[in-house]
Amino acid sequence: MLLVPAVFAALVSLLPIVYLVVRAAEGGLGVVAETLWRARTLELAVRSLGLAAVVTLLCVVIGVSLAWLVVRTDLPGRRVFGVLAALPLAVPSYVAAYTWVAALPDLSGFWGSVMVLTLVSYPYVYLPAAAALARLDPAMEEVALSLGRGRMSVVLRQLRPSVAAGGLLVAMYVLAEFGAVAIMRFDVFTTQIYTSYRAGFDRTPAAVLGLLLVVVTSAIVVAEARSRGRASYATRGAPARRRRVVALRPAARVAGLAWSTSVAVAAVGFPFAAICYWLLDGASAELRPAELFSAFGATLSMSAAGALVSTALAVPVGVIAARHRGRTASFLEQSTYVGHALPGIVIALSLVFFGVRYAYPLYQRWPMLVLAYAVLFLPAAVGAVRASVLQAPPVVEEVARSLGRGPLAVMREVTLPLALPGVLAGGALVFLTAMKELPATLLLRPTGMETLATRLWTETGSGAYGAAAPYAALLMLVAAVPGFVLGHRSTREDA
Amino acid sequence: MSVRRLIAAAIIPLALLATACGGGEPAAAPTSSEDPEKFEDASLVIYSGRNENLVGPLIDKLKTATGLDVQVRYGDSAELAAQILEEGERTRADLFFSQDAGALGALSKAGVLAPLPQPLLDRVPEKYRSADGTWIGVSGRARVIVYDPRTVQDPPKSVFDLTDPKYKDKVGWAPTNASFQSFVTALRLVSGEDKARKWLEDMKANGTQTFSNNGNILNAVDEGKVSAGLINHYYWYEKVAEKGEAGVPSKLSFPAEGDPGALVNVAGVSVLKASKHGAAAQKAAEFMLGTEAQKYFADETKEYPLVEGVATAPGLPALDSIKGPDLDLSKLDSLEQTLTLLKEVGLV
Amino acid sequence: MRLKVDGVSKEFGGTRVLAGASLSVADGELAAVLGPSGCGKTTLLRIVAGFESADAGTVAIGGVDVTGLPPERRRIGIVPQEAALFPHLTVARNVAFGLPRGGRRDERVAECLNLVGLSGYGERMPHELSGGQQQRVALARALAPRPGVVLLDEPFNALDRSLRVSVREDVRDALKKADATAVLVTHDQEEAMSMADTVAVMREGLIVQKGDPASVYAAPHDLGVATFVGEAVVLDASAERGVASCALGSLPLRSGGGGGRGRVAVRPEQFVVTPPEAGVAGLVERVEFFGHDAALTVALDNGVVIRARTRGDVPHRPGDRVGVGVEGPVLFFEL
């Protein structure tokens, strides 16, 4: 029953690959080989992987440490820090990169990219880590302590699946990222893809490189799936116990406060302050409320629709991924990751390709843009659905079956209500990510539609930073709402 | 409790979606409230690779002057060109307004552009339009060397000066920028492949700093981070117009006669072969080469008007005083070879 | 027969879990499937419920073959190990879950809650209940739609020992009052013996013996069943004409006819402690006192160690010399 929509979701996700294969094949084997064997290709691939590895590692360190401090200690103000920890999600990477470069012009290259990308993407690790810590059975921690093992040994082991899933999103995000690294003047793999399109008007090498990126990312996805292993993380139906909190010693408390504060200042305080400065600095620039409002409306409506479609497509895939093992289930789940692995322009061009040929009446209409958002951000939604369905014990579903409900009724009346908070959280994540999306929005929006992100692009593109500020500020404020909800959720007692 | 809050967080945007898509907000969703076919028939669609802030007012003038219903899709020139190529026969674009000759050349090569009428082409000097008549320049921009008079006493007069050891680590360029690549193409065509390669390699060896665009290079010179850079002239004039001469410490040097660094490139327009509004698109192209539009380029974007008889902005050296390389701009579409060269040197 | 399982087999990844198991449960009967962990009893239950499909064999409920039917069409009730109440629904809505909409729904919910002694708990949420209460709600939920068979999967495992006995009684009473046919799966022989009308002993994927608790205890099918359903001292013996000779002397056999070499099984309550000279002599090793009775571990002089049940006011201390005799016939199993 679920298989049909799940296969549909997977097929939609795989469209970009079909497109890339078509375009790569046009050039013939010669161009493919020539593109692949170019020394620069290898060098950039290594740079991209290095960047992804370092950023992912740092995100894990920041995300897990903040999650532990917020969920498991008596850190003063931990609920506030919990909310702040999720708010970098509201900061578009290109805005973060730009504000940092504007303030510290020497910050560039590898470490500049590492810093900016880490600060904007660690919430992808923080959120699942906080959720996993919240449901971790304190008894296990106590057993570990009683056996003379550190508390952290068991905590880390239990966190592994959630952290691995979050780390995967970070790694893929970094591999596909272009805007921030371009501002940091650090050439990576995606630079090569963009250059191919932008300067070469040449779609074949771009397609070959895109496929290579898919291969690399698939390897990472498969590795993550292996790390998840065969262990079952489904919860039993036992009533939850109240979470226990570690009392920090004074020195640890100071260190914890300093750490949480510095992350919050760098990741949230700084970009927001910089935008405020732009706002004041550019106060002379005329504010056009009508344009601001219509961009605001377009952003909200498109992102909300994207979140809705993404979540709807994610539910069957996520449920299958949570409830079934085997090749089909993992193939379905992993195929949805393609969108996250490719730069926005590739996704956009592939939808141009298919839209013009097979869905012409929808082409350059809003459904096409919404579909692009769904393809781009499906993995975040699938991950959220999978994790929250795992929270609903299978035995409860079986009981519902025995009480006369068919599989779909069970899904509707039991599984989804139980998974709902997690599914909605996934939707909120897609919602705020879609708000910040630029490359696909530029190519696929209806002619004449402007979102906050495209306005921001227009204004900064002509150097009008004062005029760009209201759009950046509004974008970050709106994105902060779901960010706030997600962060707040992470600090809940029964999260 | 928080489930309810999450539901609320999901419902509010949905409600907004309903209002935005229900036709209540035409700017956001112009298509749903109208019959799509009618919409297609009624409007002239321009794909503009030029920034809305630069040409938006000009489009308004176009609407007023011609009475056409114009829809503009703003984007990056090359990305829009890629989009047009993907769209093929079914492109929604009628007119393509490109930031540079390169994207126009690529489309021309792909055979998706319709020829323009000769009288229109004749308004512009031959060197600023395509040889086959598929695109025409509407405004020109000169490549210049921006330098910092605080550290550079005698201004560089040629791009070849910049390989001098005194500029070690002190020059900025933007190898991924289309204008820069057009200049390298000119360099190749004028000085020959070997000399072009040697210049690129020497520049690289001299520690030339890579930037993502002209604006950043200019800012870096003004901030004293580098001493000189390769940019287009109007970035400097615009910045001066915005911040005043005192706010812009850098100065411009127009390279000497015949130097490939003195290339004048153009922004141009072309009509799509697949356009169903060929006549309207041509009308729009004609407007771009009319006095009103040409004056707009001169006064507002500080570019060079290309039609004779329209005065350049005060302060700008006259267009024909810039003795660029003797070069047919149509040949700038050999960007492929330039890219190969840039790739081989390891710059892109 | 209310439930009839016939020759059901099941393999998981090449491991045979059920090897043609058969089981019949009569109307209104409470049957316990008793077996050690890994014997296949839970798989059997899941096949009856329809959560797993059998490789071979059939399942019939109320005379209808349900082998190919999905769980929702089998009219069964399930009480799982950890209650598994729907955490997002109130107690009343949990119980009402399997009832058709409208009609006399509320009435039936009240009736079932009353049946399990939880009247007035309807508006509580599951996490506000104790483990025992949750288990009783799970039973009410299973009983509410008047299922053909109620399946209980080790339902008392998660409960504290002290709670277990009382919940057990409540569950049995409720099942009986509801006149339900039920299958209880358990590895706890005490639970099976005390609750069930019939006990089916399961081993290595097969039901090896089925009967009322007393007869299974008294006349086990083989030595394995004998030691699984109750404690026993097992001794090598040779039998002839209804008498077995073993380390405890010559003992009468419960079932005559057997002969040759084999083993006898003596239940702890069959032992009588006598003065040393009146029985097989030995030394008291340990005295376990339970209040109502006691257990005495005696190392006999011939090397055999036995554990005997005696009255609570046992006068012996470790180190005392005593004699041990056997009352009544013993179980004999040929080798």
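Order of writing sets the chain letters: A, B and C. Residues in each chain are counted from 1.
Methods note: a contact is a pair of C-beta atoms (placed from the backbone, for glycine too) under 8 Å apart; a residue touches a chain by one contact, two chains touch by 3 or more.
None of these values were measured; they are calculated from a predicted model.
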Topology of the chain contact graph, where touching chains are joined (line, ring, star, complete, other): line
Far-end chain from subunit C, centres as C-alpha averages: B
Chain ID, smallest distance between chain and overall C-alpha centroids: A
Subunit A and subunit C: spacing of chain centres that average the CA atoms, whole Å: 52
Inter-chain centre distance, subunit A versus subunit B - centres from mean C-alpha coordinates, in Å: 33
Chain centre separation in whole Å, for subunit C relative to subunit B (CA means): 85
Touching residues on subunit A, where the partner in the complex is subunit B: 38, 40, 105, 182-183, 185, 187, 191-192, 194-195, 197-203, 290, 294, 297-298, 300-301, 303-305, 307-308, 345, 349, 352-353, 356-357, 360-361, 363-366, 420-421, 424-425, 427-428, 431, 439, 442-443, 446-450, 454, 458-459, 461-464, 467, 481-482, 485, 488-489, 492
Residue ranges of subunit A touching subunit C (in the complex, touch as defined): 236-240, 393, 395-396, 398-407, 409, 413-414, 417-418
Residues of subunit C defined as touching subunit A within the complex: 49-51, 70-78, 80-88, 97-98, 126-127, 131, 134, 138, 141-142, 145, 147, 151, 158
Contacting residues of subunit B [partner subunit A, same complex]: 2-3, 5-7, 9-10, 13-14, 16-17, 19-21, 25, 27-32, 36, 45, 51-54, 71-76, 78-79, 81-83, 85-88, 90-92, 102-103, 106, 176, 178, 181, 210-212, 215, 220, 223, 225, 238-239, 242, 335-336, 339, 343, 346, 348
